[in-house]
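Before anything else, here is the set of structures, which you'll find just below.
Heads up, the next two complexes both have chain A, just with different partners, chain B and then chain C.
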Partner chain A sequence: MTPEQQTEKAPFDTDAVVDEITRFVAEQTRTTPDVDQDLFTTGIANSMFAMQLVVFLEQAYRVTVAGPDLQLSNFRTIKSMAALVGRLQAESAADSDV
Partner chain B sequence: MSDGHFAEHEATWRLVKENAGGWDIAGEIPRTVLSGLGAAGVLCAEVRKEHGGLGLGSQESGKLTAHVGSLCSSLRSVMTSQGMAAWTVQRLGTREQRAAFLPQLTGGRLAAVAFSEPDAGSDLGAMTTQLRLDGDTVIVDGSKTWITAAAYADLIVVIGTAGDTAAAVVVPTDAQGVRIEKVPHPMGCRAAGHARVQLEGVRLPAANVLGGTGLSLPFLVTTALAYGRMSVAWGCVGILRGCLGAVTEHARSRRQFGKPIAEHQLVARRIAELYAAERTATAVCQQASECWESGSPDQVIATVLAKHVGATEAVRGAASALQIMASAGASDGHVVARAYRDAKLMEIIEGSSEICQLELARHALATGHGTARQEEAQ
Partner chain C sequence: MDEQLIAIVGAGVMGTGISTLVVGAGLPVVLVDVDQGVLERATTAIANGLRHAQLTGALPPGRTPGELRTTLSLSDVAAADVVIEAVTELPDQKAQVLSAVSALVRPATPLISNTSGIPIDEMAAWVKNPDDLIGTHFMNPAYLISMVEVIRGPQTADRTVESVLSLLTRIGRRAVVVHDAPGFVTSRLLHPMINDAAQVVRAGTATVEDVDTLMQGCLGHPTGPLRTADLIGIDNLVDALEALYARTGDERCRPSELLLEKVRRGELGRKSGRGFYNYSEAQS
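Presenting the complex of A and B:
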């Protein structure tokens, strides 16, 4: 990530992120899940799709989903993914402050 | 590419080309060759420069992999394992773990990655290798089989279960309780050092568990395999290139019925098909590598596609190449004889053709239009 991208980053907008993730899931699965719906138990996602979600979040929000965060629980629902993105962006902002 | 990696190691590549047949027959590559290439960063070329790697992108790394694959699939297999180990450390490890392990992998130490077990092949969910945390140590028990490069490895990234979750742990092969037995007489990639790895009460620092326990097994496996699949796919491009090189030379010079065999149309058709196979495999690999470089989520499926198409084309292409060579390629050690045996194994490893097909079908059924995202984006 370039310094410009970090400093110019807009404040985190959970609703917008939820919408974007929902759109991605819909595009890839032809299903529009509720934000709280478990994507794995309802058969929408498997581990391959989870991997796509990881790469999507990384690309769209310029975060890195590293080892300890590669847990299905972080990808179970659209809401949990949005929360993950929020946390990772906050962490990387804090990182670049020091 | 800066042709640097080819030019810089030209002497090595010549040595590989000249010796690949002998290594195949002996079932072994001299360790000095492997550790030399390892220390030059070539075996895991995508590791970043800060960790002593070459920092290549997926395309450049793919070209290098194909080049090695065209000369010696055993060496390319060792490269796949080393690269996959490095990628797993990079992807799952903490910053400290990356700093601790990656410089070893670019410094001449060799690595393997162990998923498969006697009773868990395609169905890795059935694996029983266990990691138990005990204070600041971890105890590993289990049995892994057919682990490429394990016979050479200093470090093995072992995937196991940890209670209800999964984890990957870096196991030094000289740790107490580790036993490595070479697979006798593999039919292909014969010098890749496939081995069975027995782990009995192996006690290691908990800091060797990459990113800690608590990962999901399918997630972990999919992550680690992603790199391996790209590497195998480019390796298959290499197999096809090796065949094309041998076959075009032979078909021009070998004369039967008063003319070069290339002028018999049935032979020429095989050459056309082999050329088409090489171009097809290259195109799917390039497309997948492009997705990796741009960070597109399409990389996940593009990788499976590249592996599947690469392996399928390599098997067909190598069989056709051997038909053209006939007796001239029918001795063990010959580049086309090796291709014929090595290619078949590429349909089995890193997700067999059937497992890849299931994933591709699932994707096609889910999206209904596999390439929609890219087309919309253009």
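Presenting the complex of A and C:
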């Protein structure tokens, strides 16, 4: 795959991902969190919901969260989750290029 | 000695969570159920549980999990050093499983029941060696909640208490040992409270969300009683309430019509995707 094709096919749209994650968190918790808000210290998320977030991101964006990425700090805010998804997708795209 | 084999009978909500805890601590588990589909779902749930434990820091990173073997054959418990019974909270089913297990294991093998509230001494009548029998009340999810209630029956031997306490230490749990009674401490207090919460909703006093929010915000309850009902499994909650009601006569333990209705509709809580709340399909 050439770089142009890749950009055409799957441009990573951070804003859209942020929106989608926000919608999921809002539906599941019946709150309207800010993208920078720490979901765990503000009592929106708990340890049970944390795993729902992992599984949601994995299914919605076809990524696998494993090893050192499997830590709460990656899931604290909507922005940090979107950043994790962006990085994991970039990594798997780079892998499939090799 | 340090690589004890733990047999767990019943691969539902609790059997799965306890298996996650034990293999996560590095010990091998043989997990028994009567339903192959249940065992397959349990295997997936245990893998997810291990990730969940790592995510929340409940499991130290880099430790190799113990081996998990699943089986439909109860006789595979014969080789175990400790057996944990976590089958449905129905006295007849527990009687059948406990008496079969006690005939299979070596003498002096601790036989642990994870019952929510059936007195240990009542179950003692079902086993070959009542001194080997003890209650250990893990909470759901067992791999996240570090405290367990240990119930010593009047016939439980000191050595049984000691070996169970040392196993619990080995798997990173803190224990409080209590005496035998219907519901022990935690179910005797929690179950009627959840039942009352359902009654409050049924009476129209407040919504499900408002009941939980008040219990969390005003009384420091970590999740709220109705979210806890969903976590427990409403079918199990009803069975446990019935068992308590039959043994205490306490009207607060008579299952609320709202709980019974949810069970009839298959709205069992997290395990079925819907209970007092809806859970995303992503829920493991």
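In the analysis below, the second predicted complex is superposed on the first by the 89 of 98 C-alpha atoms of A that agree within 3 Å, B and C clash if a C-alpha of one lies under 4 Å from a C-alpha of the other, contacts with A are read in each partner's own complex, and residues count from 1 in each chain.
One rule holds for everything that comes next: contacts are C-beta pairs under 8 Å (C-beta built on N, C-alpha and C of every residue); 3 or more make two chains touch, one makes a residue touch a chain.
Being a predicted model, the structure only gives us computed values, none of them experimental.
Student: What is the contact status of A:29 with respect to chain B (first) and chain C (second): first, second, both, or neither?
Tutor: first
Student: Please work out whether A:51 is in contact with chain B alone, chain C alone, both, or neither, and reply first, second, both or neither.
Tutor: Both partners.
Student: Touch check for A:41: first (chain B), second (chain C), both, or neither?
Tutor: The answer is neither, since A:41 touches no partner chain.
Student: Taking the stated contact definition, name every residue in chain A that is touched by chain B in one complex and by chain C in the other, in rising order.
Tutor: In the superposed arrangement, which is not itself an observed complex, chain A uses residues 24, 27-28, 30, 46-48, 50-52, 54-56, 59, 66, 68, 70-72 for both chain B and chain C.
Student: Any idea which chain C residues touch chain A in the complex?
Tutor: 48, 51-52, 54-57, 61, 141, 144, 209, 222-223, 231, 279-280, 282-284
Student: Going by the contact rule at the top, pick out the chain B residues touching chain A in the complex.
Tutor: 91-94, 165, 210-212, 214-216, 218-223, 226, 294-301, 304, 359, 362-363, 366-368, 372-373
Student: Contact residues on chain A for chain C in the complex?
Tutor: Chain A residues touching chain C: 24, 27-28, 30, 46-48, 50-52, 54-56, 59, 65-66, 68, 70-72, 75.
Student: Give every residue of chain A touching chain B within the complex, in rising order.
Tutor: Per the touch definition, chain A meets chain B at residues 24, 27-30, 46-56, 58-59, 66-68, 70-72.
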